[in-house]
Amino acid sequence: MLKIVSQPYAVQSPQQLEVVAVLETQVDDLSPQVVAYVMEQLLHHGALDVFTQAVGMKKSRTGLLLTAICPSDRAQICEQVLFRETTTLGIRHRLQERTILPREIRWVDTEYGRARVKITQRSDIYTVHPEYEDCAQLARQHQVPLLQIQRAVQSAGEGLIAI
Amino acid sequence: MLKIVSQPYAVQSPQQLEVVAVLETQVDDLSPQVVAYVMEQLLHHGALDVFTQAVGMKKSRTGLLLTAICPSDRAQICEQVLFRETTTLGIRHRLQERTILPREIRWVDTEYGRARVKITQRSDIYTVHPEYEDCAQLARQHQVPLLQIQRAVQSAGEGLIAI
Amino acid sequence: MLKIVSQPYAVQSPQQLEVVAVLETQVDDLSPQVVAYVMEQLLHHGALDVFTQAVGMKKSRTGLLLTAICPSDRAQICEQVLFRETTTLGIRHRLQERTILPREIRWVDTEYGRARVKITQRSDIYTVHPEYEDCAQLARQHQVPLLQIQRAVQSAGEGLIAI
Amino acid sequence: MLKIVSQPYAVQSPQQLEVVAVLETQVDDLSPQVVAYVMEQLLHHGALDVFTQAVGMKKSRTGLLLTAICPSDRAQICEQVLFRETTTLGIRHRLQERTILPREIRWVDTEYGRARVKITQRSDIYTVHPEYEDCAQLARQHQVPLLQIQRAVQSAGEGLIAI
Amino acid sequence: MLKIVSQPYAVQSPQQLEVVAVLETQVDDLSPQVVAYVMEQLLHHGALDVFTQAVGMKKSRTGLLLTAICPSDRAQICEQVLFRETTTLGIRHRLQERTILPREIRWVDTEYGRARVKITQRSDIYTVHPEYEDCAQLARQHQVPLLQIQRAVQSAGEGLIAI
Amino acid sequence: MLKIVSQPYAVQSPQQLEVVAVLETQVDDLSPQVVAYVMEQLLHHGALDVFTQAVGMKKSRTGLLLTAICPSDRAQICEQVLFRETTTLGIRHRLQERTILPREIRWVDTEYGRARVKITQRSDIYTVHPEYEDCAQLARQHQVPLLQIQRAVQSAGEGLIAI
């Protein structure tokens, strides 16, 4: 029996605030291979997330805007990575607040094997989210569509909450 | 008990071939508002699908590539719509084969109300897919997260197959 | 006779400052259907504008960066919508100044029917901008190209200023 | 008095068919600067249009899909340009029909100076389209908003048809 | 001394033609995680290249156009992967010619270690292209900027040709 | 002999901080031609960089987010340009810190002619970056692949440092 209950939007959530640094730089003279390497290096040096966006620039260049979200104490090292691995001459940065939900990782069992789910809670509302890597691993192993694995894991995760 | 069974990839599918026309034109002198109207008009005149892609063009223009997929007997009328509603001087077109799966629409009942699911079959594999519009309608009505509605409808749809 | 006069760029404008909240979150596990629903819900709960951008993420994911611009007193409710309707665990937010021009909505008559224009003024410079929805409605009704309707409405709007 | 008359969509158009070659290649190891140069060279060697699209590729690369539309007798030279200026090892190509409208270039006079308009005709429907380069030149010279120039030229062009 | 010689564009190239299958489908109800998995599975089942493009669709959806380039004898299996792992109901496909350059892989030694280069030849023009994976591996190992490694490998590769 | 030496990431850099203004506005009713003109005008009035990003908006519009990075004393004039040349009613702006590397421009000689390189220094690490415009000019003049010119200039630039 499903215990996930929905409510009007005014619920009080146990969400928390943290401060992150956001680094941004436009890139118009690096190849996609190098940009992918820079993303890998930023994550390796502590960035929380890194992403690129295609941007239309002067002189008909379709460049990339590279953004790194870091804990504030990793901002300087990530900036060094950017200066070393790219040819950029300027990096914009700012501190920004981020609201985060507390999360809990739990293991569940399915007919295809074990997988983790991420569970977040706001008031008496729970959200269950299958971990992608575990599901993909089971999908590869059983040659079963990933969507089918994700639904099995989702279902097992919701069972946890109903207990 | 779930009857959706997975198999190695060599299954024989009852899929069919049809022919569609693909119309394409680059647009660099229309505003997004007008492009959205053109998309609406193309769908209204029988296009099966219409989509736009941002393209980097000469002279630093970030234009749009507009693509319409039509039944072959709607290609000419869709071309007329493009010539009338845009300023394009040239439209590329080609016929292309499309493999399609037979589909069936069924209604299911959930604790939130009725919704349709699309069911496709390949050999003894079934895929159940909740209809977005029905789910969105129920989500708005009950102020419940859409993802929660979609899962309830998905689950009810899979129940149909298990019978 | 046209009274829209141009001037060198140093004109003094009656523009005003307001403060808006900007919410941002990267999404890599929601389908475009659900993202479109989230956009609808954010606008319904008071967001001034919502938009998505395709972003290249780690593990070869082409995710979306979702941005909502809200009045500062709607930021919290919009954040709740994001937490409920998506699976995000973190939402970045900041307050930002926005320069706005005073605008006035006026009705004009054309040979195709009535439509609204938005008129903005800076010093003795006026800008007239046809309302898209009215023009699209007239275009559908008369089966006339939208561009033709927009020009008729534009012309009628400029006539207002010349009086 | 405006002579641009609209009609139901079944009008007979004097449009013509031509054949163009479409060349496509994905690029993941060139910088945006080099890609812009390749576009310039393709246009210089006879391509009718060239455009790029951001594509998500394997290994988290945000590459570009480069498309060149050429007259069929320029396809081979454009292919050579691509092989010489990029590092691609494979270029896809196909012939494709393109429907084009006959067009006529005419000069018009406005209070800001002379500019060209492109006029296309389908049955008794005329479309008038201001030439961007002429309008931009007048806008720079008079420090008048480009949109204002474009409307003046549009209006003068429609006057031509009404004669 | 560098032996890479440039010539006018009319050189005769030893390039060859092959036939590839191009599969395309628009996706508006899959998350980026699942799309990345589909890309992985397509490559695993023999696709030569797979890429995604953000597309603007009806109902304000920013979907993806998924394209797979396959050897023609892998087209059917790749189509099965698409039908199994996605919810698409239709896949467009076509055969297309592709011009390819003969390529040769060679090892080179640098002060940072060994790496492969891809060498292509057209008439007496050679292009040397460092293998990304080898360079990235050396860059990680020596904590040296990737661009620096790539240049060292490039240089060593050009030395091969000059012999 | 190459004197460019790499070091662990903790090097002390002579980088400096400056403050820039970032202006942003979403555009859904301007054509790509006009947007490119606005970019040109912003650069002409002192913007350091200007770029556009395709954004998915309400009502199925694929609009553009236009961003201008300016010295803080050019922010007001750039805002005026945006209000005059576009139909936007609101422009978001913020001040942001930017870390920049000191750079030096030097001329180098190659077998194809002279070109500039940009040299940046951090501790004892130098980065050499060929100026695109000079390289493109030489490539056009000698009909040599741009990549080949860039490598020759790069090599000559690194020779400067080794002295």
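Order as written gives the chain letters A, B, C, D, E and F; numbering starts at 1 within each chain.
Here is the rule we go by: contacts are C-beta pairs under 8 Å (C-beta built on N, C-alpha and C of every residue); 3 or more make two chains touch, one makes a residue touch a chain.
This is a predicted model, so every value here is computed, not measured.
Number of steps on the shortest path from chain B to chain F, with steps defined by chain touch: 1. Seen from the Cα centre of chain A, the chain whose own Cα centre is farthest off is D. Farthest chain from chain E, judged by C-alpha centroids: C. Taking shared numbers over all numbers used, the chain C to chain D interface scores over half, which places it in the same class. Note: Cα superposition of chain A onto chain E, rotation of 180 degrees, nearest 5. If you average the Cα atoms of chain C and of chain F, the two centres end up 29 Å apart. Our note on geometry: chain C versus chain E, Cα centroid distance of 40 Å, whole angstroms.
Multi-chain contact residues of chain D, defined as those touching 2 or more other chains: 9, 29-30, 33, 39-40, 52-54, 56-64, 84, 87, 94, 132, 145. With chains as nodes and touching pairs as edges, the resulting graph is complete, every pair of chains being joined.
Taken in their complex, chain A has these residues touching chain B: 4, 6, 8-9, 54, 56-62, 142-145, 148, 151, 154-155.
Listing the residues of chain F that touch chain D in their complex gives 33-34, 37-38, 40, 84-85, 87, 132, 136, 139, 145-147, 150. On the chain D side of its complex with chain A, the touching residues are 27-33, 35-36, 39-40, 52, 54, 57, 59-64. Contacts from chain A toward chain C in the complex involve residues 9-11, 13, 15, 20, 22, 39-40, 43, 49-54, 64, 69, 94, 96-101, 103, 118, 120, 122, 125, 127, 129, 132.
Within the complex, the chain E residues that touch chain B are 26, 29, 45, 53-58, 63, 65, 77, 79-81, 83-84, 87, 89-94.
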